[in-house]
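Order of writing sets the chain letters: A, B, C and D. Residues in each chain are counted from 1.
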């Protein structure tokens, strides 16, 4: 990729990250106001999500989990229908039945989202098996956390993907936290990527707060999966800037660590880089931010105006 | 009619459905070894051995089912389902609803239950009621070779996750299987014997004990109706209620423990919907609320037997 | 009497039992973070955060219980028990029997059930009946702050594996807790209101709906007896049967799905042991046979409510 | 260890291996005759089991699985009570309730035997936690198969043992088979030991058919666990000479591989080495074999003469 197309890309990526941030901030504000249920926000992890999704093809599939806003929005999901889902409205992508924690958008290839930690790891092998056996071209990307990597299903999933040679791009967003427990308390290694090697799965760790670094690493990794038909594990080294689930006072968080990561905020980093290099004039940055705010305001209005599901929806969609 | 063991009937159903639909595939620990004739016909991609990892076997099935394949998985013995509960219950059973109907899970899970192999409680455990109690699943448990074949074919064609329980004691007992395309619809109980004095409801191997007890009851002047549930979910409550309207008496029989078992559900449905017809207490016969022992006599004594069924029915009629 | 939330009552029970017995310890995902006052008092060895891995949390508890410790584990939400079924059911529930009595498993597993948090079916699932249907386990589900404390203390002292279900909707509702050593024996139902016309049996949050319905029924001239099961296994069948002998009518109420649920068990026991006293069909009110939705109105409509209980009881009495 | 004590040891080890073999052969014969239920035999793996157990202290604990005869007998279990258990007799170690697949003998420290593949891995961490927290000195040895290593609980167990620093000697008997599936079909790596490294767990692979090599590797590994209080994974590279569960025609087994391993039978190897080196006179070897046969014959007679459990035993030992 030449620097020209990178410049263009990074502005688009920045816009997506801003959208994710604004979306999450709207949820936080709504939840403080008691209008929106709590959720697991992606604040701080925008680059990790947006960077990977930007590297995928249209026919690639995605599995994600409870912390999915960056993946969904970067994939093109309508913030209005997402917010409607979070607010339990009938116009949500899942008719309000999911709420924030397991939003799937099949039409965009965001499949089988699960909030069981490890759920995505258990399902992705089957999705990839379909791709392979039915001769479809897209690869399957599976986003999971450092916590999910501690579940036994991580081992079973990677082993099967390796033995059956399934086209899976495993993406671990290692955000240092597993709900209210720090990664340090749950594993001796720092890097989940280290756990991939013994399965014969290639792996890499990337600075998850640098959206271009993530994008480039993901382009390379996805290309390798596409070429080889085999799994690859990419780890994004990043940080969960807000609490586990809103509201969360983060009293248990080490303020020094927190401050160090806030100083490396992925949006601020990318914005500064674009401005410093002259690729993004300051007034354009401001315009970008305004556009994003307006988009989320409209989305919120749509969601708030949307009807709640009819009572009968309690028992529909149980059986096919 | 040709005679097959349920083991062979399952093999025949798998082969026919794999011929009929190229998206059907089967995998599990040793499936390709034990059903090598399927490998010969359909190739190693559609008949696969797996690593020893029930969770990912079931999860892979659910993921594949949602995206265009129709997997049948063999998880061997019912206690091993414990390792696959998340994938079966939280994923296959719930993700259709959670996603607002975006996905369907046409998959079948095979598992063996019950005594007969003398290997104790970590292989022998009738836990089918767990799945009856879980949303979004279907649960089958045939008692005859014909139903093994016909129900499995229906299960494979069904667009929902089906648990298919195989009573180990029946697996190698030959029985008649209709030739050609033999399909048994899900959710229909089978009235195996008509009667007017007492209804015996059962499934799996204890169906045969009920039939034997009914024959003895006839000698004692009591006319017993015998119903084989076959499908535990959907449950054919209407057939049971209709029978109790006629007989006024009910004995439910299964190998599983009574507490919160399928028999409890049947008793409760009858106590609600056929109360006016009931002329006697409802008796449930089930295994003890204990793990199953390996020792042969204890293992064999676990499931209700013919004398117990006979005595229960008799006590209601006197 | 002092007032505590069930969350605080659980904390008090843990602290008292840890003081009382140095072999008691507690671990789980975030336990040491959320109950840091326990870490302060008892140190990090006895109050531990764990990796996110329910299977090994439960397995570690079972192994430790069999060899001298008395672990309490917090598995958070009941659907996550799916990852620990093998360890809870096949190990803790069965290995005492399988080993011919060589081991005991004094351990307690905490898990939250029911609506109230708006997070959907992978967090909200009343699966307590699975464990009632499994041998060797005990199952508790309190409805009042006092019982949360008293039952948890008993559970920790019990030499068997106990599943302790916490109805999420009750967790932060303050209630009275007797001061000092407050112990509630396992296996005893609690008759919360005496009545002569109809028996309302329930557990968890729907107990409160039953009490409210009973008050309305009294206004309508119907005397309802309200029984809080508290202990689902052992189940106090005698208390229920005694009540139905008196009232002749029964409504069973819970948030869990009806099919093969605890209500089915109660209906079946009554249809067997209190048949002669029954003057009307047994009605079970339960959640629909569907996953729970996140959307607030659907979530709230899931569990049977006061009007439904009132109407059911009324229909039996007319 | 000097060669003198090794010589003495190896004869004792050979005797134990012969005992295991004779025990298993009695079960096979009884099962062919319809007098004994089928079971999972340890034939071919005698050195792997006996060698490790010989390296343990009296206060060490053992967890094992369905293929446990070598562990039980080497630990000193009475073959009569074992056979009684296999035959479902009241005099069995578990009163006939276990049968062959999950025999525990608490008085010998053989704890919580489980036939759920992976069961031992899920329970061992708790047993080791008790040892550590209650200040007991013994370490805990956990025997498991290469198949068990594919279960997710393997990952969870090793990770927790590492993070909590538990004194566990994990022993994988990699016998190439996982019931009716060859190891090659289930993992890309040959060696389960490779899977231990990323947890920060030290590991080694030993020739599991050489009883002295196993013993020495186990002595070293156990000593390291004792000294460090941390887990170690020892893999015995061996072979399941008979089928998975009696009877088993092994039609699915590659005869070349089978023959190559039979040529390295652990008992024949040890016997030959002792005879060739003059440490075991041929006539003493014959006497040894006769003693073992007599012992098993007496055990069989005891088991056959033992009563079946009373019917009431069906519901005892459920609750404490």
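What we mean here is this: contacts are C-beta pairs under 8 Å (C-beta built on N, C-alpha and C of every residue); 3 or more make two chains touch, one makes a residue touch a chain.
A quick note: this is a predicted structure, and the numbers were derived from the prediction, not measured.
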So, comparing C-alpha centroids, which chain is the farthest one from subunit C?
D
Counting in whole Å, what is the centre-to-centre distance of subunit A and subunit C, each centre being its mean C-alpha position?
36
When the C-alpha atoms of subunit A and subunit D are each averaged to a single point, how far apart are the two points in Å?
46
Gap in Å, rounded to a whole number, between the CA centres of subunit D and subunit C:
41
Within subunit B, the set of residues that touch 2 or more other chains is 50-51, 53, 55-56, 79, 82-83, 86, 90, 97-98, 120, 122, 135-136, 289-291, 293
Two or more partner chains touched - positions in subunit D:
96-98, 102, 114, 116, 118-119, 150-153, 156, 159, 163, 185-187, 318
How are the chains arranged in terms of who touches whom: line, ring, star, complete or other?
complete
Considering only the defined contacts, which subunit D positions touch subunit A in the complex?
150-156, 159, 162-163, 185-189, 194-195, 197-200
Okay, in this complex, where on subunit D does subunit C touch?
61, 92-98, 102, 104, 106, 111-114, 116, 118-119, 121-131, 133-134, 152-153, 156-157, 159-160, 163-164, 316-320
Residues on subunit B engaged by subunit C in the complex (per definition of touch):
79, 81-83, 85-86, 89-90, 93-94, 97-98, 120-122, 125, 127, 129-130, 132-136, 233, 235, 256-265, 267-268, 270-273, 275-276, 278, 280-284, 289-291, 293
So in the complex, the part of subunit B that touches subunit A is made up of which residues?
23, 25, 45, 48, 50-51, 53, 55-56, 58-69, 71, 86-87, 90-91, 95-106, 135-136, 159-160
For subunit B, which residues count as touching subunit D in their complex?
29-30, 33-34, 36, 49-56, 79-80, 82-83, 117-120, 122-123, 288-291, 293-298, 301-302
